[in-house]
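All remarks here apply to the structure that follows.
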Amino acid sequence: MCAIVGIYGNNNAARLASVALFAMQHRGQEATGISSSCDGKIYTKKDRGLVSEVFTDDALKYLKGNMAIGHNRYSTAGGDSILDAQPVYAKYKLGEISIVHNGNLINKDEVRQDLIDKGAIFQTGMDTENLIHLIAKNTKDRLRDRIKEALTKTIGAYCFIVQSRAKQFVIRDRYGIRPLSLGKLKSGGYIVASETCAFDLVDAEFLRDIRPGEMLIFSENQEPESIQLFEPEYRPCAFEYVYFARPDSVIDGKSVYRAREDMGKVLAKNDENSHIKVDMVIPVPDSGVPAALGYAAQSGIPFELGIIRNHYIGRTFIEPTQEMRDLKVKMKLSPMKSLIAGKSLLVIDDSIVRGTTSKRIVKILKEAGAKEVHFRVASPEIKFPCYYGIDTPHKEELISNNMSKEEVCKYIEADSLEYLSVEDLVNAIGNDRNYALESFDGDYFVKE
Amino acid sequence: MCAIVGIYGNNNAARLASVALFAMQHRGQEATGISSSCDGKIYTKKDRGLVSEVFTDDALKYLKGNMAIGHNRYSTAGGDSILDAQPVYAKYKLGEISIVHNGNLINKDEVRQDLIDKGAIFQTGMDTENLIHLIAKNTKDRLRDRIKEALTKTIGAYCFIVQSRAKQFVIRDRYGIRPLSLGKLKSGGYIVASETCAFDLVDAEFLRDIRPGEMLIFSENQEPESIQLFEPEYRPCAFEYVYFARPDSVIDGKSVYRAREDMGKVLAKNDENSHIKVDMVIPVPDSGVPAALGYAAQSGIPFELGIIRNHYIGRTFIEPTQEMRDLKVKMKLSPMKSLIAGKSLLVIDDSIVRGTTSKRIVKILKEAGAKEVHFRVASPEIKFPCYYGIDTPHKEELISNNMSKEEVCKYIEADSLEYLSVEDLVNAIGNDRNYALESFDGDYFVKE
Amino acid sequence: MCAIVGIYGNNNAARLASVALFAMQHRGQEATGISSSCDGKIYTKKDRGLVSEVFTDDALKYLKGNMAIGHNRYSTAGGDSILDAQPVYAKYKLGEISIVHNGNLINKDEVRQDLIDKGAIFQTGMDTENLIHLIAKNTKDRLRDRIKEALTKTIGAYCFIVQSRAKQFVIRDRYGIRPLSLGKLKSGGYIVASETCAFDLVDAEFLRDIRPGEMLIFSENQEPESIQLFEPEYRPCAFEYVYFARPDSVIDGKSVYRAREDMGKVLAKNDENSHIKVDMVIPVPDSGVPAALGYAAQSGIPFELGIIRNHYIGRTFIEPTQEMRDLKVKMKLSPMKSLIAGKSLLVIDDSIVRGTTSKRIVKILKEAGAKEVHFRVASPEIKFPCYYGIDTPHKEELISNNMSKEEVCKYIEADSLEYLSVEDLVNAIGNDRNYALESFDGDYFVKE
Amino acid sequence: MCAIVGIYGNNNAARLASVALFAMQHRGQEATGISSSCDGKIYTKKDRGLVSEVFTDDALKYLKGNMAIGHNRYSTAGGDSILDAQPVYAKYKLGEISIVHNGNLINKDEVRQDLIDKGAIFQTGMDTENLIHLIAKNTKDRLRDRIKEALTKTIGAYCFIVQSRAKQFVIRDRYGIRPLSLGKLKSGGYIVASETCAFDLVDAEFLRDIRPGEMLIFSENQEPESIQLFEPEYRPCAFEYVYFARPDSVIDGKSVYRAREDMGKVLAKNDENSHIKVDMVIPVPDSGVPAALGYAAQSGIPFELGIIRNHYIGRTFIEPTQEMRDLKVKMKLSPMKSLIAGKSLLVIDDSIVRGTTSKRIVKILKEAGAKEVHFRVASPEIKFPCYYGIDTPHKEELISNNMSKEEVCKYIEADSLEYLSVEDLVNAIGNDRNYALESFDGDYFVKE
């Protein structure tokens, strides 16, 4: 997951980068960071916490200059995550450099081992560090050439922004797995960001997506220069549409919100000949809302907010006693008793990963008096881990790796359970292109 | 506004009270407090902040005993609000006492002046302090009699819970203006709370609403004792249904969510003969969602989430520069450009108070490309301040006090604007009873 | 304990009050507060924490006006100490009032009960609240007359500063038990403070001490007006000289530092014919330093810093495991091994209360290799609790109430132990007046 | 400056390391960190802040294993200091490694440039990173051999502790410039620490100092193995005795406290034939205390605490207004007016660097009424910056680089001023060995 942003050619670069990162906070809440560049020196500020906590006015004043790159880090297990925050900064032969990265390099261990064998040291667990080493070891005179050669050894799903003391290099892998878009700032200069939802907040106009395999170079007093590094083999990630992106983003020309509505519509169409009768369509908030709207629109069954999401959850609240079971999930998601008591519900969520949350949701709905709970999932069964930048759990923890649809239905105690087929999903997003679907079909197409 | 809760006869009293306050956090975020009672001593913990911040495990351990009362305070202006947090505790002739209050006493200044003239001192700005003084000055032997007499001098909208060292006295004013419900805890004992949404989280079964003019007394080893203090003249507050209560609460037998949906349906019916043509119905999140669902269901026009609400807003984020105007509203509410560009929208909110937020919302929608923005309000025009416990601004700041509907429409730059009539509102909630409607019709019916 | 301050007639009143409270932080670290007065309105800010934490620039801006009173609260047991922070503010018949208090009223329970019987309520545990009630119940027209009459019912050790909307009334009890001094600010106006160490920091010139039984009134455009309320019976507290005051303060004309040095000299004279031989005089830091200097000067035995005090102690540090015994005391006080190993030490502290700290100090010194540890105490044995404003423990916890000198010596495992006699103490401070010595001689001279 | 510690062979390794760092907090307050090693994996926790803030119980639980190294970082200028906290961790050819360092490598820029030229990247500003690179680039099979060869390219003042997954390598440079001592833990295993003051707190017995040029290796089930890497040319840093070390430490067999007392005695002897007459000897607290005691003992002039140090200084207190000049220094150091008014003072501090603090101290003493202020400095004039690990300012900022003794005396407005000569200093510490005295004599003896 994670979010990246680059701002080039604007005197408010770090401030705009922080606002863009704020808009993309949903892609990572653990840590955040920005590097700016000014007068040949790179300034970096990164820390644990939310964008609104880390980027105080003092921090933004320190980050001077008219170019900046930024990163939001997704929460992962580990001891002292501050060490794995981005941007990654280094001094090397050609000067100073700072890099942000969204994605996952599948050959990172081999590359790392090879570098280590040649005497390199690695100070973090981040694959971003690989790229810096490959750039530093190279002997070409120009950074662009070093980046090019470094990328020939770099296999995986990636979006990089490399900032030197005066330029920015934006790269998207040949498959375009992770999203990356280019915009023009009304206050001057350019923005590159993982999601277009960042553009509105900084008053930027969407220009186009970064092309698969493209390197875009920003230099002073010049138009952005585009170099096609690799032959494109376009396979954008379907999971961004299913779950990860913000609904108001447009990825590679397709509205995330519309795609989710369409997924719901397909679910409804699939149910047309089913014998089940439900009184209302209910989304799991907020993830299932657009698909539930689509289902309701298609089926004519009323859409109702049968589960209320509580946004006051703090990090430090009391541990419930044994007597207060189910308290934790109910503190976040409250079933609307008066609405659902005695009713048959069609509940929609975007995906089922481990199954534990779905099971709890069915439970609290039934305890609140629901007569029947029919569960619909606006994505196919997740049977395989993603190695292309989304933080899915190990294969063993994926419920659909271990159980059939019928077994999952029984496990979560739903009255029925339906998923989208992979074909359904592709049709809902748009069958005009291929997608990265490895979590659903196990096709790990990125080859070394 | 504010929320109150009482727990009686449960060994986890303070913990359950804190969970109930958590469920009612929407009624007040500035300060919170709980008093428990144990072995003839009252323990109080109150502080600025959210329930999840104030009630740490240490605080809950301190609050021992099998009865507790609690309060959430709504944000108001002023210097050191901690002094105005509730419960209000005092020692007096009959021992120790602690009180929580939701409502507003309209004769508070006269009562206070009279008490001051007789030598009393007031240490806070809260009208709750009046009641304690009236109880303390009284010479009856039993607390219940003192409370009764004190209430004869207390005019306004109120729900009180008075806790002595061994009992709790629950009182709702004769009009039943503010809501208050009684439930039975599955783990033993009773709960009284401003809203029923608190019951689910603590595993309580709804028994009934506290009756207008009723005093309910909880004592050890006894069934709750009900005394009808005043002749009921039932006038529950319509604003709770319009705006203030949580949608999953049921107030005096009516589902808040259903009432809001019905308000939206009436708006749709009123538009049936209108000449306007819109592409979609869009709620202002989260306040306008149920009414927008009702409007869409009634009209057949698609419901869409055209505005995304961002929940990561922190308290300390950067001040936008002059160049980033509208940033603050857009950081909270993001228009979904791809969905609404070129479309005619029907936007629904629950109310218009000052008009500034509505104006900004129309603006960002139009900037995002909306062709037309038709604004619908699921309540009548607010022309009068509320003196019955809801924190409306001064009369001069109420836009509908100063402008006609047409002028407001022009001010907020909408293409059309419609409200509910007062009669519409009453019909939507249910015309089987009278409501407190003073904000809409100026009928200040509470008389001294 | 506690500290109080009043600033009158200076536009920086609250700021100067905060600086004075900072200088008197040693008298109370639990909570702090300031009330200023401006245009007929009183502004109050009080909170838990140190002066430097509570009085931010925002807080000081809120506290406008050219007069202010302030208070530091000593740490005491209890649940929600913020409720017991001072100043105590109230509205009453003559307007607004705010009071700070240092001392203890010995008839507070009777007065409180009498007020409660007449219908008053008490919202805090502070005896300061008594005085406000007595003032409010009174029917005189002028505040000064109300204060006068209220004080006729007020028995104990006290220094009050009462601030109305335009005046300040400073009162010291007839015995002058607690210190209170008057100074003139170089930047204009007056300061009254518990200790003169506050004067230097705010650039004030010491004028005189407030007289026992005096009320000093500050009003606009007038010289301070002095009224002798009670016949003085001067008995300043000896404990201020022994332990509580800062060494750079001068109380009632006597330097605290010099008095402590003289106490040490008397200890040395008393030892002149003793048979013990020691290599060096070592203070328990920081409390025993001046007396140890006096002892060394008188005896000619070298003074050495044999114990180092660590000032980095935080509030949240790790709990030592069982294997690391004595860690906590050693983290605060480190014996200087290389200096004391094999040596006979004469260790001086200002007092022994429970004996536990003295025992630990002897232990760590012996473990560090000290051959002999002779303990000297620069005060008499504490056999009685203080009821005049110093927070001594209950009688049963005072080691000298339970044990003879010989028993204490054995308990703390010292090689010898000597105290000052009460007469010695009086001579060291100056035998030109009587002192409050109740902790040593049990003479509770304050009579109702 | 900075402090380092290593614990080997104790199940409480990280906890003991944190306690040792706590004892050495005076050597660095900006950041702190610990790496432990367990089952072939290195765990690291480092952050800004004091030891007592960073090492919570959770952090210590994370740091499992029976060996640990730790570091306190001295405050330096810069943006995001967390990146420069130690230990420095890396993965390299032989596995995982973590290093702490106290000192300064004078050829660090050349080594770094050479490494960069060969393709290395540097992610921090710390010279510690050099050593890791040198170790990683080496091709020897054993870590000890790699370290040896790396050190042949490493010139400067240094103490390193290198921790691999199962061993610790402790190295002190051939000059022994920075202190480093070895102790035996009573609870099992060994401790190595910058100062012996850490030993008492963790119940360790001092064994010996690490020898100049020695590498000491700790391995499982073995006695520590000592290898003499370099011919020793012993030159311990005199500044440790003058200013930096804690008085209760013993460095290379000499008590810091005794050395400081002796410096004061030499100052007194030098004054014996002077015509000045003073009433008392006053230390600048806490730095000048031991020397002032020595001066007083030698001269017979009374030692008095004429300046009180305030320990409540917080980080966030109010900025004084223009009217409150000198407030900041007086908030920290308060002159004892009643003691010094009208008196001639001999004031002793350990050193004069820029002269600004000394000037302010003379000023507040004179304002407090001192008749004469004679300033004595328990070290020679500091004319040269230290490049061997002490953070002195640039040459231009050193007052004695720019002014003669007479000019400094005039600048600080003292009535007389005397320093120790370099010879005096050497005699006071002990003329049985050579010292690193570069700050005083400019002899930068460490040669490449």
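Order of writing sets the chain letters: A, B, C and D. Residues in each chain are counted from 1.
One rule holds for everything that comes next: a residue touches a chain if its C-beta (ideal position, glycine included) is under 8 Å from a C-beta of that chain, and two chains touch if they have at least 3 such contacts.
Protein names from UniProt, one per chain: A, B, C, D = Amidophosphoribosyltransferase.
No experiment lies behind these values; they were computed from the predicted model shown.
Asks: Please compute the C-alpha centroid of subunit A, do the same for subunit D, then give the distance between them in whole Å.
Replies: 47
Asks: What is the distance in Å between the mean C-alpha positions of subunit C and subunit D?
Replies: The computed centroid separation for subunit C versus subunit D comes out at 37 Å.
Asks: Distance from the CA centroid of subunit B to that of subunit D, rounded to the nearest Å?
Replies: Distance between chain centres, rounded to whole Å: 60 Å.
Asks: Return the residues of subunit D touching two or more other chains; collapse runs of consecutive numbers into ranges.
Replies: none
Asks: So what shape is it, when you link every pair of chains that touch: line, ring, star, complete or other?
Replies: ring
Asks: Could you please write down every pair of chains that are in touch?
Replies: The list of touching pairs comes to A-B, A-D, B-C, C-D.
Asks: Within their complex, state which residues of subunit D touch subunit A.
Replies: Per the touch definition, subunit D meets subunit A at residues 43-47, 62, 79-80, 82-83, 88-93, 112, 116-117, 119-123, 132-133, 136-139.
Asks: Along subunit A, where are the residues that touch subunit B in the complex?
Replies: Listed in rising order, the residues are 12, 15, 18-19, 22-23, 25-26, 29, 50-53, 55-57, 60, 187, 197, 200-203, 246-248, 250, 255, 257-258, 289-290, 293, 297, 302-305, 308, 310-321, 323-324, 327, 330-331, 334-339, 368.
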